[in-house]
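Starting off with a structure, shown below.
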Amino acid sequence: MSKHDPKLLLQSAPLLRQGMTTPAAMRDVWIALLPASLAALWYFGLAALLVLLTSIAGAVLTEWLFTPRERRAITLHDNSAALTGLLLGLTLPPALPLWMAFLGGMASIGLGKIIWGGLGSNIFNPALVGRAFLLATFPNAMTTWTAQSGPADFLTLHASNLALPFMQAPTVGAGTDAMTTATPLNLMKFEHQGTDLGALLLGNTSGSLGETSALLLILGGIYLFLRRGLDWRIPLGILGSAALFSAALFLIEGDKYPTPLFSLLSGGMLLGAIFMATDPVTSPVTPKGAWLFAIGVGLLVVLIRVFGGFPEGMMYAILLMNAATPLIDRYTQPRAFGRKRATK
Amino acid sequence: MSSRSPTPPQEPTPSRLVGSLAVAGFLSGLIIIGIYVATLDTITENKARELREAVFRVLPEVTQMQKLQYDGERVVLKENGKDDENTLYAGYDDKGNLAGYALASDGPGFQDTIRVLFGYQPANNKVVGMWVLESRETPGLGDKIYKDAAFVTNFDNLSTEPPIVTVKRGTRSRANEVDAITGATISSKAVVRIINQGVEKWHQRLPLPGNEPQLKSEGRT
Amino acid sequence: MATLSNKMNAYDEMLKGIWRDNPVFVQVLGMCPMLAVTNSAVNAIAMGLATFFVLVSSSFLVSGMKAIIPKQVRISIYVIIIATFVTVADYTLLALFPAVHKELGAFIPLIVANCMILGRQEAFASKHSVKFAVMDAVGMAGGFLLAMFALGSVREILGEGKLFGISLFGENFEPWVIMILPPGGFITLGLLLLLFNWVGERRKQFLAQVAAVD
Amino acid sequence: MGLLFSLRRSFAHGVHPEHHKEQTADLPIQRVPFCSRYVMPLGQHIGAPARPVVEVGQRVQRGQLIGEPGAFVSTALHSPVTGTVRDIGPHRYIDGNFRPAIEIEADPYATQQLPRPTPIDWRSLDIEQFIAQVQHAGIVGMGGAAFPSHVKYAIPEGQQIDDLLVNGAECEPYLTNDHRLMMERPEAVIHGTEIVRQKLGAKRATIGVEKNKPESIAALKAQIGERPIEVVALEVKYPQGAEKMLIKAVYGIEVPAGELPRDVGVAVNNVGTIVAIADYFDSGMPLIERIVTVSGPGVAEPANLIVPLGTPIREVLRFCGGLKESTREVIMGGPMMGTPIADLDAPILKGSSGILAFTAKETGRPPEYPCIRCGRCLEACPYFLNPSRLAKLGRARMFEEMKEQFHVMDCVECGACTFACPSNIPIVQLIRTAKDNLRQRKG
Amino acid sequence: MDDLIWIFISALLVNNFVLAYFLGLCPFLGVSGKLETSFRLGLATTFVLIITAICSWFLNTYVLTHAPYLRLISFIVVIASTVQFIEMAIKKLSPALFQSLGIFLPLITTNCAILGLAIFATNRGYGFWEGLIFALGAGAGFTLAMVLMAGMREETGINEVPALVRGTAFNLIIAGILSMAFMGFAGLFSST
């Protein structure tokens, strides 16, 4: 009479799950990046589209190549490789040769992710690893900024976009020099010249594809926040500490240093604070750790921008704090319930 | 694999230990002194030639030079000995007239310390040439401070009164302005700053016109 | 000793340093010069040759004098011997190739601190006959030189589009600047090691397959 | 902060699963008819198993002692029916394994009527006698953990219980047995609370009920009268019913790790337990039946039932119209912490608060993704542990580190982390494995 | 004063001994598995670097002006014996300190960071204070790199790093990316 019931599963509790899944979380980031990506197309035309697509292609192809066959279905399904490619693409200058964008996508995934054991195991933000690699490898191409073409010349392409693989952008002369412009950060660093805040908000300045429009980035951030897709402490901590630091500098010597508002709206500050630093894999998992991390990023950005050699320091600030994340996590373990204080 | 020692292990006396160390040290010293003596002439010659080339590069129309030293009060002749921060070189033309001084100066660059040698004519507050002795600036960008001829020639005739400034490439208009290298503004500025510091340091020390040190030995190049 | 040399083949001793026990790829020794001066093939070879000279001469001397070196102070004496040869190499390079010496700079004296050299004295030269010690040193230093050259040429080819200063891809080649910078050194060596591991793994698999077929 | 706290009484962290209580919340408690065969496992509570005191073939009365406590941390066992002992030996337990049990065949001709109530004068008992009575009555924690209740009342020298906390939180989804009990028998709840409060010498008693049971709260409040009892409405949050979380929610006190509620002067009892005690002292009838919620999408007619202990689960489900075709898994207890049932012929136990049947929709495990350290599990964990780290260390089998640095032994396995994980990582399962390993190493 | 600050920042961040000069790679790759050990090794190295700076300044000022050819050998001998002497002194004076730091000392003396510091300080003609600050910055930079590396290695130790990658190759690539991140410090305080 006593028989084992073969039809019954024996999965252990809990059987209930909340609705969010990892691929869905990644999709949310895609949606949040949509306005900024569309703005890139609006401002920079077809070139932007091509750069974004090639960097995504480089990332996805590398992911596919180096993932063991049996895990491909899962890793490609989680949307993360393509997201890395898109994030990288948004940090690139519009006139970048496409082969470099492709290589950057490969470096992002190869050096930033696969080597470490795939999604979730990496210490550094893969997109920024790709960008740091490109910036160190092709410093000239990566700091050549072109003026916006605007929607009227949507189809215009930069000759440099189509450079042959491993070759330089074809023309370096008066023709291209006329097209290149300085980003707001360049103007600030080297000429101590501010940029109209309205332009910074809307995004009709030069810069990397996804960083120009502060307004649309904030919009994406709000969407992500509402979807619980980001740890609000990180953007808040970064922007807050950066604003305080630059406000202090501005008060000391106003004609030399930028206003805090300029600091927050210019360059990759918002793109980094909202979309890069908040990458959960590479930021601390504990709330206290998130604050420390964010403050560290904020201070480092201003330090590098103001006292360092680069006009923009967001990428380096995030990478450096990524490196410190294991330590931060270790020393900010939450105080376990009923225990005196946090132990390491 | 290990070969066993044929003799039973025996504790050598301390004096033997010290003795063998001393012998080793002595022999090593002999070898080192030997190679030092053997190569000294070539090395000295190499260094002198290198220095001469550098000095001739930064001072136009110079054919002879001599080493000087600031001793705290004035500039005196220094025949040989180690170079230090108070060493400078005077360059002379065919006729033995002073053409200018070659001054070394260093300071932080984009990556590491940059050391430059620049030709200076105190009489008309002019830098007449610049040569980078040492730098680890970024290849392809910062290294243009010595690889980019257009940048180097900026310093061929540059007024130091008021101090030199860098301007955006192509906008050079005044006598004290230097065209920065596109994409390597920091390195360009570093070179200018290093030269300004050098000028500031040396301007007061150099002898007044008329008191210039004479070329001591004729024919010495 | 006679029986020992029958078992050991001097050429095997030499060859093992080049692949199986390669000091860089397998034993991970001498990393500092390996990374610091491999930004061009010429520098890499110059450094490799200087190391070669120091290692082979030290091994020769140490194995020749092993009977008279007291055990208690052997390390100090090895260091003195090595430092002497390094000084010799330093001055020779300075006299004959001042341009190369300028590039290598402080890293020539640092050959003294290359753990591979002291390691070979302690682990091999002090226990074997002169012939084997020299063969071993030649193998190890050869392996080191080879690794240096591999890294140096990869970095120079990608970093400048040249090999031994000769342009390979024409004027328009876009150099990969990172390759001549420190991160490029780390990453390239890491990837080379990865390749080395992978080849080793494939070889093992292949051999296993062959064995299975037999 | 204080104001905020008084407005929203709860603990920090935790999760909000959909509570699914609507299926049974309005169904009055029904009695299940007797069936023919009952199995009473000797060990159905934490602690030592009971020792049988009957023999095969012996006739037993309903409520008769059939097993005596095997140790102090152990309780008595009573026959749920009038009938004959058929077997004393291994029987299927809910996990599918065989465990020692007493099988009783019900006498089909017996009325199964309870004897006339013989109230016990609890007021005259001293604390030791009270403890012995509770142990004799076979009463255990009815919330699911089945910890012998009398053990909680044995307060060491020098300690004093100031507060009796009655746990009516019922935070597990689907379950409504405590809710119906509080609604239908509030007087028994209050009465039992008074008995235990007075016996423990506590000054006050508090009944904590989650806000999603307003009828219960109202019913209880109506019965309090002048007694020093307070009913507290708590925020709806899982795991509110975990002992230490409830204490935190009600008093704002954290019970130090490794210590018991009594160390902060509180004793916690489930409402079911409290009612069982009240019933025992009113009627002399020990624990032989309990209220079970039968629910879940796989059950045809969900219900709240009074079920004699030892009733085969199959019989209970049959009373509820049987399982639907789509049922894939049956759970004893709640969906968050319950135990999967391997064999439907296994019996209802003292700790069986619910029998829940689930379909493919709930049991289908979506593919597992790598941990992206999103931190949702940290925000879920009521014990402020780091589940993501624990799961990773668990995979790497670094158990010592889990214990020393990340306090894995503090985990109560509430499952909130696994519930919250968007990557579908079986976190609590990995933690259980680690804890088992650590316990075995110690043992 | 500005000079001293720049020497410190440069040795600490911009031209980090490990990440830009490749000095001290043996311990960096070998001993950075555990955070605790890494930190202590970093401290001990800093200590030896400071001794080295003092020794090399002394040698440069009083001995090597007369016999420049003895530079290498005298650095090695003097530094090694000074460290040995201090090691013995610590052992006697403070066994606790010896336990936590002293055990690393013999390891460190053969480290190329030590000799590298002496040679760099000499080549650059640093004076006493400059040398000392240089040593302090280099030591702090070494410790920083060690500690960051150890944190990352402990973290990745429990991740599923591909078997083929695990080991030195992986550590080198981590170091490479860290070195890339440190490039962000280039030009720090040199442009103002």
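Per-chain residue numbering starts at 1, and chain names A, B, C, D and E are given in the order in which the chains are listed.
By our rule, a residue touches a chain if its C-beta (ideal position, glycine included) is under 8 Å from a C-beta of that chain, and two chains touch if they have at least 3 such contacts.
Small disclaimer: the values here were computed from a predicted structure and weren't measured.
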Exercise. Listed by label, which chains are in contact with subunit C and with subunit E?
Worked result: A, B
For this session: Would you mind checking which chain's mean C-alpha position lies nearest the centre of all protein C-alpha atoms?
Result: A
Exercise. Of every pair of chains, which is linked by the largest number of C-beta contacts?
Worked result: A-D
For this session: Average the CA atoms of each chain to get its centre, and name the chain whose centre is farthest from that of subunit C.
Result: D
Problem set entry | Chain at maximum distance from subunit A, centres defined as averaged CA atoms | D
Seminar exercise, completed: When centres are defined as mean Cα positions, the distance from subunit B to subunit E in whole Å is 28
Problem set entry | Inter-centroid spacing, subunit E versus subunit A (mean Cα positions, whole Å) | 33
For this session: Would you kindly tell me how far, in whole Å, the mean C-alpha position of subunit D lies from that of subunit C?
Result: 70
Problem set entry | Shared interface positions of subunit C, touching two or more other chains | 76, 80, 83-84, 87, 91, 177-178, 181, 183-184, 187
Problem set entry | Contacts with 2+ other chains: residues of subunit E | 69, 73, 159, 165, 170, 173, 176-177, 180, 183, 186-187, 189-191
Exercise. Chain pairs in touch?
Worked result: A-B, A-C, A-D, A-E, B-C, B-E, C-E, D-E
For this session: Name, in rising order, each residue of subunit E that touches subunit D in their complex.
Result: 157-159
Seminar exercise, completed: Residue positions on subunit A within touch of subunit B in the complex are 139-140, 143-144, 189-191, 309
Problem set entry | subunit B - residues contacting subunit C, complex | 1-3, 12, 16-17, 20-21, 24-25, 27-28, 31-32, 35-36, 38-39, 42-43, 46-47, 50, 138-141
Seminar exercise, completed: Per the touch rule, the subunit E residues reaching subunit A in their complex are 35, 147-148, 151-152, 154-156, 159-162, 165, 170, 173-174, 176-178, 180-192
Problem set entry | Complex interface listing, subunit E residues touching subunit C | 19-26, 29, 69, 71-73, 76-77, 80, 110-112, 114-116, 119-120, 123, 164-165, 167-173, 175-177, 179-180, 183
